[in-house]
Amino acid sequence: MNIVRLPEAREWMIWAGIVIVASIVFMAVFAPFIAPYDPTEMTNDILKPPSLKHIMGTDNLGRDIFSRVVYGSRVVLEVVFSATLFSMAIGVPLGLISGYFGGKLDRVLSMVMDSIYAFPSLILAIAIAAMLGPSVFNAIIAIAVVYVPTYYRMTRGQTLSLKSALFVEAAKTIGAGDFRIIRKHILPNVLPTILVVFTLCVADAILTEAGLSFLGFIVSAPTPDWGFDLSAGRPYLPAGYWWLITFPGLMVMLLALGFALIGEGLSERYLRREI
Amino acid sequence: MGSLKEYIIMRALLVIPTVFILLTLVFFILRILPGDPIVAMLGQKVPPEVLEKLRAELGLNKPIWEQYIDYLSHVIRGDLGRSMIWGRRPVIEEIMDRFPATLELTIFSFAISVFLGITTGSIAAFRRGSKIDTGMRLYSIIAYTLFIPWFGMLLQMLFGVYLDLLPIGGRIDPGLEPPHITGLYVLDSILTMHWRSLESALAHLILPSLTLGIVLSGAYTRLVRNNLIEVLNQDFIRAYRARGVRNRKIAFHAMKNAFIPIITLMGLQFAILLAGAVLTETTFSWPGIGTFLLERIQYRDYTSVQGVIVFYALFVAMISLIVDVIYALLDPRVRY
Amino acid sequence: MLLEIEDLKVYYRSKKGTVKAVDGVSLRIDRGEMVGIVGESGCGKSTLAYSIIRLVQGEVRGKILFDGVNLLELSEEKMRRIRGKEIGMVFQDPMTSLDPLEKIGDQIVETITEHENVDEETAMRRVRELLLKVGLPEDRVESYPHQLSGGQRQRVMIALAIALNPKLLIADEPTTALDVIVQERIMDILEGIKREGKSVILITHDLALASERCDRIAVMYAGWLVEMGKTSEIVKDPLHPYTKGLMDSIPDLWMKKEVKPMPGNPPDLTDPPKGCRFHPRCPLADDVCRREEPPTVNLGDRIVRCWRWANASEG
């Protein structure tokens, strides 16, 4: 007769996450109005610590780090959102079909997806990006491939449990076609879970993007990108130029944190057990 | 009920299809994706004769299914080809040279992450709903979202540059390498009683393994917390209390039960550990497989890159086999 | 007198408000008797049982005198020493009440060594005796719970509960999860324990089972004790309309009487009905019942909480 007290949905987590993400998206959209300098403009003010003139200091080429941080949000968001859309566009329909129809196709797809899922995601992305050559578009492909299994597995699992649910049986007896059932009855019920997985997956994809960028697989100089700028600042670390690395890395963490907070809050609200 | 040995053999046989799928995947990703890997690696300006010669050497001019059979039969024989640069050594030898460094780093990081994860996760679970619980959950999320190179550099800056306590790169001070037995410097220095080597190896390990360990601990905090809460709500815990068993002992039983599902998840976590190790190795100039992979990508050494990816696939499959066997040993409900 | 409960109230908070799971219950249990606490699910009978060993979340008020000591005033450590040692407990679902990772023998040994200073060997000898007593082969000490059937597990639960010779055994729906033949065996074991001079509280929704096995029966409804008395008297002549309703809903193989299921459900305990809590389902309810709470009436060795008897005893 124990009364189990479920922790309340942490609404504040969701809101804190939304505020962080919204600010960064705002920054990316209005970058030209927010950034005080051209992010690629080199000056003689090299390696200057943060001051009123350059609030995050300048890098080894005299570029304003704050402006680079502001513009840097553009590449991350572009890569991560495009890749995520790709992954969802492939993973969700495959999961629906696989889970709904079952059979051999389901078994083969599941085995393939499980294998990709088991492989270290960043290493897979590195392999793909290396084979395709470094570019923003290829990075999108690499990251997209890595996250397809996540959406597939989640959608398939949900579809399987929903398929046997009563209302689908009822819809079937009335004579609705399979694809109509999937569209009208299963997909809407999978959506809340997709939303949760989406936010958690984006958080992870941000870190993968930053990793690829740090290793030089996405942009080349002088394009500003957080991961890339971090690796560019690395040689100046032993000499104590802390501002070159602190700010770009902090932004990566904040953006990932924003999505992770939303995901954690949502998963507590919508799913009993976290995935 | 069969014997444990039979179970292990059965489970080992089941690894074969997994490995097969992974190898096939690697093959397709490396060969079928749009674009020519040779062109992608060497750039557009390579003279056609050189290109043709390379293709022939790598067997890329054969029909795709023939390439696939060649590739599989070589991998099965443990032959990952020869590297395309620097003395053209067999790739498997080059990998085995670097593997102990990665293994040493992952073992220490794994130990740190499990220790931190269990501590924070069980504190959160035993005080669920409290402020401490919320704090631990925040720790879990923040640790998980730390960007490894950034976090590593912050630690380098603090402990290496400002406090000047620890080295910020490499595996050991030059000249202190212990005699080669396993290739794991810590183990080898203990076995051969080279205490200065041990000291140096440990000092070099602290920052990279802390970086990777802390980042990975976030996922464990969450796993331990959720599993432990689930176990604590089960009837048999209440039954223990009703028999007057001390809280300390009940906590022990609860944790034992919570770990069984966590062990299976450790297999998947290990893949994340390997991925994180690539970034950690780069940040700390750690001469492991991750840095090897990136170096060979830079030198456009195609066979080495493919070999490393295949090696990772085999490694992941091995780990999942080991995890399953440990699971079977620990859980009496598993029928062999 | 072994156990004396006085004006016990157990309230806990839920999302909908305060649940008055037990609301002013008094009852006494003598040594060597088996008392059935009967009622539909959600009537507070399990909460009552768990509050005796203080394993309920929520606020507990009143007095629980066990062997003259008020359990509600004991420190947590003193209470721990009473659980298992002085009061044993058997649970409804034997499938989930045993630790799946520990051998049967080890679980019982741990219970013994947590309370008594004995070495493992002595404890293991006692475990074997206990298993024989509850009708299990002694080699079961080496078994894990998943290797046993439901009935066997419930025997293990009983062995655990009586391992330290407690004076009181509380059995919460001990047979509900088991099939009929196994039910009889388990009840036989519980009756055997009673004959050794121990008191047994049997929590059950099954009035037929209680009337077969118990010396006295207490009927609970919506957190109230509505009737209590000797089993023979309650079966012969139920005083409270709720008890009557429960009696009428038991199918009887021999008497071929008409089975009348009781309409309606127990009320929501966050917002119980005004007046007598049973009035919405009572065929005899009148204005007083709807307006005012009935007093508990003592009729010799019987107790009933109903306006009909309150008025009768006054008149």
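Should a chain be cited, it is by its letter among A, B and C, assigned in written order, with residues numbered from 1 in that chain.
Heads up, the rule we're going with is that contacts are C-beta pairs under 8 Å (C-beta built on N, C-alpha and C of every residue); 3 or more make two chains touch, one makes a residue touch a chain.
Only a predicted model underlies this, so the values are computations on that prediction, with no experimental measurement involved.
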item	value
Pair exhibiting more inter-chain C-beta contacts, A-B or B-C	A-B
Taking each chain's C-alpha mean as its centre, the one farthest from chain B	C
Separation of chain A from chain C, taking each centre as the mean of its C-alpha atoms, in whole Å	55
Inter-chain centre distance, chain A versus chain B - centres from mean C-alpha coordinates, in Å	22
Whole-Å gap between the CA centroids of chain B and chain C	54
Chain C: positions in contact with at least two other chains	55
Multi-partner residues of chain A (at least 2 other chains)	2, 5
Chain B, residues touching no fewer than two other chains	238
Contact footprint of chain A on chain B as seen in their complex	17-18, 21-22, 25-26, 29-30, 33-35, 37, 40-41, 128-129, 133-134, 137, 141-142, 144-151, 153-154, 156-157, 160-162, 168, 222, 226, 230, 233, 238, 267-268, 271-272, 274-276, 278-279, 282-283, 290, 293-294, 297, 305, 309, 312-313, 316-317, 320
Residue numbers on chain B that touch chain C, as the complex places them	234-236, 238-246, 249, 253, 256-257, 260, 331-333
Residues of chain A defined as touching chain B within the complex	2, 4-5, 7, 10, 111-112, 115-124, 126-128, 130-133, 141, 145, 203, 207, 210-211, 214-215, 227, 230-231, 234, 237-238, 240, 242, 245-246, 248-250, 252-253, 256-257, 260-261, 264, 273-274
Residues of chain C touching chain B in the complex	53, 55, 80-85, 88-89, 91, 93, 96-102, 110-111, 114-115, 144, 146, 157, 160-161
